[in-house]
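We call the chains A, B, C and D, going by the order they appear; numbering starts again at 1 in every chain.
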């Protein structure tokens, strides 16, 4: 930690800061620059954050040197984390495609989609059963009935299953039915839910919050891991910016960057990111090319009648074509699909 | 709802859209412009959102005409909502100042702060007991012990009490101890929590999410009201932007704008918005001048030793001076404090 | 254009708006909805923008139906624009890679870079000669001396040349020396410069502004085209967001989206977008996979000694490897490189 | 400057960085932390920025300690800068209100406005003569004819005059006609224009760019001052965010923050910031309450017929009421108007 003193800090102020740092167990180094004095403080970052140093007279600012995340960090684990689900791996050479409707609407809709996406090469079926909706008047999901349908679809097709949970109650139910738990963008900093997800052992897909920095996103993963669940998959799904031709701005640079900072697998959701199905195929290819370990794609047998997010859903036929086109892209960057 | 057809839409496509709109119970008007055809559709907005019209062939986009919020809207209730708490009103002529520490840390710390802010003219004491923290390794709050201290501080000083809840469990506890419930920025779209807050009858301060639009914020209030709790107070606390000299960007234009759109009271939290105590007094004055109904200000008896957010906390003496200076500002815009 | 009347608009107010619309030459359609009246106005969008309708009593808002851009629009020209430079095409099947240093620093530096990037497969050499720098104390470019070196590098290697201009004067000089003119992000709405660039006939690379929407970016291209220069190439180079692990957020969804809206070629600059050379190779592949027509990549023979933007520059060896790896990616989406 | 070494940096890498720092004339201090080594480097910040240290092997990042701005900084000049214009001061106790139409449209329109705003208490008349418009098809200003009208309005009413310039040519003309030169948001980083404005001696109002950080804004002012013109007035006019109920987000925290960082006067433009005249009065009061030295307000005799920005213009009557209401607000924070 570096403590930058104000240009006009007095000797007494410097001494007071130095003394307090030593009380807190830090070793200090005073560096007198051309205009300004800085103090290098060696010790536990957490200590200094709760120490009030920042507002002692004469202090201009603190500059942290260490990153705040530990368990998620590439610094503590050099090799990539690979997560086993049913008969496939997430984070290994093969790219994992998860597909399915925004919401589970009926047995018919789900089974039809599951069969078609399985045939096209998807590894898992997604389907919302608890929907976080902006309006209280929108369709809120089939809840446990939907979970049962998902489990059935998994049994019939061999696909792994994934669904979003929105609180501890839905998590407690979902964990009995599906293979992978998803925490959505709006709950990325629902810390109670993160802790609860840390106490299960099934893999958790953690979506990036609408306005979450990489650091906050990794700290949310740290919450899950700090409770003992190391099976975390990060999912980039677009961030909120001033641009509104697309619903969000897909931040594909997050993929290689997270891979520098962390050992966790990273997947991409181009459907929510853009809100428009025409943009899903090119951005799926882009995601694979930048190094994503998987994709989360919305597919609906009849987007026109979908109860949510029809405009961003591919038809099964469009999805089949996409899967065919993704093969060469994956190969071109040394991956399979 | 206006349906804008594509420049190259065929007559068949137009007919198909028109037919589907009629099936959904809409009355339609075709308007042929110089280059483009638009269809005006009269009926229930909700219907069209789930109708798939947006992705029918030949449709370029839908333009909603009606705002999505109902109960919160100034359209359904012209007069300002005034909320009674203990012996004072929020949303009336007098400006309500809520003050106190980021977190309840000890009886001593809380009682001292409560007495000092009461003497300076605050109406309510705030204090975090369940803290949503970015890092799992930071102090997470005193929980129910803190709630008991808050209740005690309220009894001793006559101040109303307010604390943040983070899930249904903490809400269930807090509602027994405090006068006002706060839902924080990170939980603004925790819809389960919003619904639960709608089933109590105590006032709820709903903070704006870090990247929430006005519309999303009002829709979150709609969630609470749709369950029957009409005592909602909106709190602007800064939004996330590219600027990082301040922690967030306080959006004071939200105050007069929300007052145009809604009948609910609006208060401002300049402490979290800026993250720096020196900016709190000028922005408090600014908030009062633009028409805020109240302020939420962090005060700590010894910011240097605060367990959280020391840098943005006023000392009791600085708070006392601020309260004195706010009087004339309030009067200058026809309010009292 | 749709005029949405206020919920409480009186009949007189409606009549007044209707009358004014007719005076302005619009044909109007009144549509009475369940709660609200809207007026469809058919005519010239420009007329209504300067008409004051928006602030007539009883008017809530105007909703434009037509897009404001004309010449850049895919609506007026269905086929892709292909721009010929020396012996290659931009916007055709082959992807155009432009490479070179942030700034021209010396003959030696430029010639060495030019030879190496030519050998690796680049089509053009870039090099800043007039640098828009945030600080007045930073290196500002070699100006005309740099232009002469660029021209020399072009002659010796057969590469096309490109440089950024910052005002009419530098444009007037540069047009004599280089094959392609670049207008940078900070000048995207320097309308005098855009007009001047519209009066030349050489191709213009127009970078997206730091916080420019797609619409503003296309309107900036419209400025150039409205003066008669149809050889415009759009360049996505990252937008400003709250995220600061990367310098900007590269918006790769802009590529397929612009291709929907416009017939102009689109290239991508991953170097400025990220500010970090390690991210340049994966994002270059991503850009090609989403459909970009070209790349603008910073390459410096010795990034450690570069006078500007060393951290985002590839070494010639890294560039050579990147070019080899890009081949299969280009092929995987039906392109060559 | 602090150089943070990577966790896995070798001793050789540390030595190489240390050696290069010494070659560049820095004195170095090695601080070995619990996990990581940092090097404190004392010397000229500019040197290190062009030194390539950032990309030497083993270096994780550079942390600058000194702020990049000099002449604008409160560090080099403690007392507030006060700028004399005609018979009044900007930056002193009295708040300066500048009012007038978005664009000069005719003698009649300008004279009428000038008389009315003068009577209401404005000190200066504004009026655009060179308009930077998003669309090439919009009204672009009366140019020199408009400047003559402005000068005439100044002579007749005694008001000071201000207009926006968009390039060196319009600056060269405007400086002969008006008292204050304005550089708009879109040109805040038009460095050629900033330098040219630094070579005149008339006061310059420098608007904050749409997505400019405080630091970039101050560096733009530094450009002007570095050429010798110390009469710079900063103008906050809203920044671009995800929120779109208002045109921009007015960042009133910029006012007290800039006053901490710099000695220059700061004024606020609530008209462009919000784009809606109803929000102008409350935000004008807010601006005065947070400590702004002045306001820039759009006033048009007949907003309905205005050639630009009618929706954000006050009528003269609304402006008169605002001026009356601003008096008590100014007094409440120790200022006059």
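Throughout what follows, a contact is a pair of C-beta atoms (placed from the backbone, for glycine too) under 8 Å apart; a residue touches a chain by one contact, two chains touch by 3 or more.
Note that this is a predicted model, so its numbers are computed, not measured.
Rounded to the nearest 5, the angle that brings the Cα atoms of chain C onto chain D is 180°.
Set side by side, the interfaces B-D and B-C show unequal numbers of C-beta pairs in contact, with more at B-D. Over half of the residue numbers found at the chain A and chain C interface occur in both copies, marking it as a same-residue contact. Chain C and chain D have CA centres that are 26 Å apart.
Look at where the CA atoms of chain B average out and do the same for chain D: the two points lie 30 Å apart.
One inter-chain figure worth recording: chain B and chain C are separated by 38 Å, centre to centre, where each centre is the mean of the chain's CA atoms. Residue positions 211, 240-242, 244 of chain C each touch two or more of the other chains.
If you check the complex, the residues on chain D that touch chain C are 46, 49-56, 68, 132-139, 166-169, 186-187, 189-193, 195, 210-211, 216, 219, 222-223, 226, 240, 277, 302-308, 310-311. Contact residues of chain C toward chain B in the complex are 2, 4, 7, 29, 31-36, 38, 40, 42-44, 63, 65-66, 75, 211, 240-242, 244. Chain B meets chain D in the complex at residues 211, 213-215, 239, 241-246, 249-253, 255-257, 260, 273-274, 278-279, 282-283, 285-291, 325, 328-329, 331-333.
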